[in-house]
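Here chain A shows up in two complexes: once beside chain B, once beside chain C.
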Partner chain A sequence: MAYSNKVVDHYENPRNVGALDKNDAQVGTGMVGAPACGDVMKLQIKVGADGIIQDAKFKTYGCGSAIASSSLVTEWLKGKSLDQAQAIKNSDIAEELELPPVKIHCSVLAEDAIKAAVADYRTKNSK
Partner chain B sequence: MNNELLKQDYFELFGLALDYQIDLGGLQNKLRALQKQYHPDNFAAEDTEVINQALVISSQINQAYTTLSEPLARAIYLLQLHGVIVDLVHGTKFSNEFLMAQIELREQISEAEDSGDFDALEQIEQNLQNESTIITAKIGELFIIANYAEISELVKQLAFYKKLEQLVANILGSM
Partner chain C sequence: MTLQLPIYLDSSATTKLDPRVLEKMMPFLTNEFGNPASRSHGFGWTAEAAVERAREQVASAVGCDSKEIVWTSGATESINLAVKGAALFYQDKGKHLITVKTEHKATLDTMRELERIGFEVTYLTPETDGLLDLTKLAAAIRPDTILISVMYVNNEIGVVQDVAAIGNLCREKGIIFHVDAAQAVGKVKFSLADLNIDLMSFSAHKVYGPKGIGALYVRRKPRVRLQPLIHGGGHERGFRSGTLPTHQIVGMGAAFELATQEMDSELPRIKYLRDKLLTGLQKMEEVYLNGDLEHRVAHNLNVSFNYVEGESLMMAVKDIAVSSGSACTSASLEPSYVLRALGRNDELAHSSIRFSISRFNTEEEIDYTVKLLQEKVTKLRELSPLWEMYKDGIDVANFEWSSHDTQRDVILH
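Moving on to the complex of A and B:
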């Protein structure tokens, strides 16, 4: 199966690989896994006092499409509000990366990782 | 030729009760007996239709064996017979503990791969197989009490371990 150029670009030059301090109150961490392919994704966001995402980092163990999906969303997340972040749909990711149908679950994983990271941030800051 | 065979589920086909725990040796013996009985060569003198039927039944027998002999496929299939479909695509939520363990395993594997540490990879492979055995045993216990929700969760976890086993086997194979 051939990957699209966009997937190859993100796979070879992944953006924002790394970790943020998960104990920082400003940081939300989302971890998800895809049993279909055994992929694991950790996505972290750092949210400013204005409620805007300042930084995003990821660490993904999996195929090229999973790495590309998480790399792409870290780029998209910066500068977005939490509501805007949660509005990102897996179909947006799949469309941008031209993922074939058998790789759609990679984009599902990235969408779920965003939701998990936002939920973690909101839980931490609800007090 | 027995057309009814094609309507049977895989357990019936192999003369087994609907139990998760199966005797793999017995399964293999039954496979050989069925393969012999329905081998297309046995029907060489018959009409094309009969030969084609034998081909379909043979492939059904092989498919059944593959599914029943493999713990993950067998669990998914048996759940299906009980009306439970495991969604391996959209079920992405797991405990942080489980996912952290997966990430650690991935890191161990890539470290061992990068340093070409054959022994470490074999040790990891052994650990993964042990983990799969433990999960498979739990799944067997849960089928007895028909706790399908819990089984579905364990099936998803087992899928991760099976993928990692495959990954390690591929690395070892290419070293």
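Moving on to the complex of A and C:
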């Protein structure tokens, strides 16, 4: 199958691969997908006292489009507020990476990962 | 010799035409264009002689009489003719057939079609090594079983079934036995003269011959009858009408002759390359061989790279042409049904790669492949949250995965 140049670029040079300390109160972790479905994304954000995302890291098990989708959102997340982060839509990701219809689910998963990471951060810091 | 990329390691999908085969075919694509069915002039006689010589070559390669060979367009058609033809002819004796879940789709879909028109089919599950347990086969036989179809060599995992023993069982019970041997010629030594097999399907393009030509062996003693599927001019003793493609047939004859003649010198070299590939890949952790190693053709290797997703792995190894057990091209991800039938979990089924080595591969190519895989698998594992979990001692298989139903989301978008 043919991938767009952007997918290939993110796949070959993934940005922000790695892990943050999930026990850190500043860090929100989202893990979505399931191995049985062929995709698992782990997305982590580190939020500053000002409520702005300072850092984002990912690890993804999945096809090239899934890796590219998660790599892209780590770039987008940095510098955003949590509300701005949650406003990222899967269609934005799909459009940026020129994903074909059969790969839209990768962008959906990336959106879910953002929501899960933000939710985790909010739960941790709700007290 | 410099290394040419990409490296073709997908000879179970199809093989490159051997130049020696092409040479034999060429006259029949140019000056010798006659119709082998033309009886009234030399053009026809020349073509007919070439077709009959090729029939002898195929027959002697598989150990049968040339009168038992029927030309078809490939193994798919042979399987259809064998299974449907026998089922339709013998339906008054019974309507039950038996096959195995790991068969090629050509067999499975033919069986499904027969179910649709009123036959009953039992699909046996092989053991986890891919081999069929004969006691389970014997237990599945019913008084109304008319046909059993089992492949000789599996196209994905390369395991070799004991068709001799299955044949004896079938003969004893008076059941017709069809064997899909598309992947067996030139890979395993056999002679139909020594086997209780009634029908056997062949294809040329898996054996360095041309695509679009195959043959069906139809036993004469004891005689097996078939209802033809393609009607017309009564070619091939009425089993399969249609003008014979002389050049393709000549190619198949030459290819089968070469394959059986060169097997003894070729297979040890191919097996050496395969074993070198396996040893190299197994230097990595969490690499699993799919299918039994001992009852296996020399050129096949099917391995799963745990915690690495199949399609991204395929993307990473663009320099080699291989097949993946995972088809992630549709919204509903479907791992290989063959690996699933072996009881492989989804992750392992998804991360499988089939390497199939041909007579044209070199040791240099295998060394390159080992290095490439070591490098790319390591890179993808660094990216994999599952690998991280595994390294942290978390049991990935029994982890409670969130119930995000992305598949359903896809349909809504």
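Everything that follows uses one rule, which is that the second predicted complex is superposed on the first by the 123 of 127 C-alpha atoms of A that agree within 3 Å, B and C clash if a C-alpha of one lies under 4 Å from a C-alpha of the other, contacts with A are read in each partner's own complex, and residues count from 1 in each chain.
Note that a contact is a pair of C-beta atoms (placed from the backbone, for glycine too) under 8 Å apart; a residue touches a chain by one contact, two chains touch by 3 or more.
Note that the structure is a prediction, hence the values are computed from the model and not measured.
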item: First (chain B), second (chain C), both or neither touched by A:His10; value: neither
item: Touching partner for A:Val32 - first (chain B), second (chain C), both, neither; value: both
item: Winner by number of chain A residues touched, once chain B and chain C are compared; value: C
item: Which superposed partner A:Ile67 touches (first chain B, second chain C, both, neither); value: second
item: Chain B versus chain C as contact partner of A:Ala19, first or second or both or neither; value: second
item: A:Lys80 touches, of chain B and chain C: first, second, both or neither?; value: neither
item: Partner chain(s) touched by A:Lys57 [first = chain B, second = chain C, both, neither]; value: neither
item: Touching partner for A:Lys46 - first (chain B), second (chain C), both, neither; value: neither
item: Contact residues common to both interfaces of chain A (with chain B and with chain C); value: 31-38, 40, 42, 59, 61, 104-105, 108-109, 112, 116
item: Parts of chain C lying in touch with chain A, wherever the complex brings them together; value: 307-312, 315, 326, 328-331, 333, 335, 345-347, 350, 382-388, 396, 401-402, 404, 406-407, 409-410, 413
item: Chain A residues touching chain C - in the complex, by the definition given at the top; value: 1, 3, 11, 14, 17, 19, 31-42, 59-64, 66-67, 90-91, 102, 104-105, 108-109, 112, 116
item: Of chain A, residues touching chain B in the complex; value: 31-38, 40, 42, 59, 61, 104-105, 108-109, 112, 116
item: Chain A contact footprint on chain B (complex, rising order); value: 88-94, 96, 98-100, 102-103, 106, 155-157, 159-160, 162-164, 167
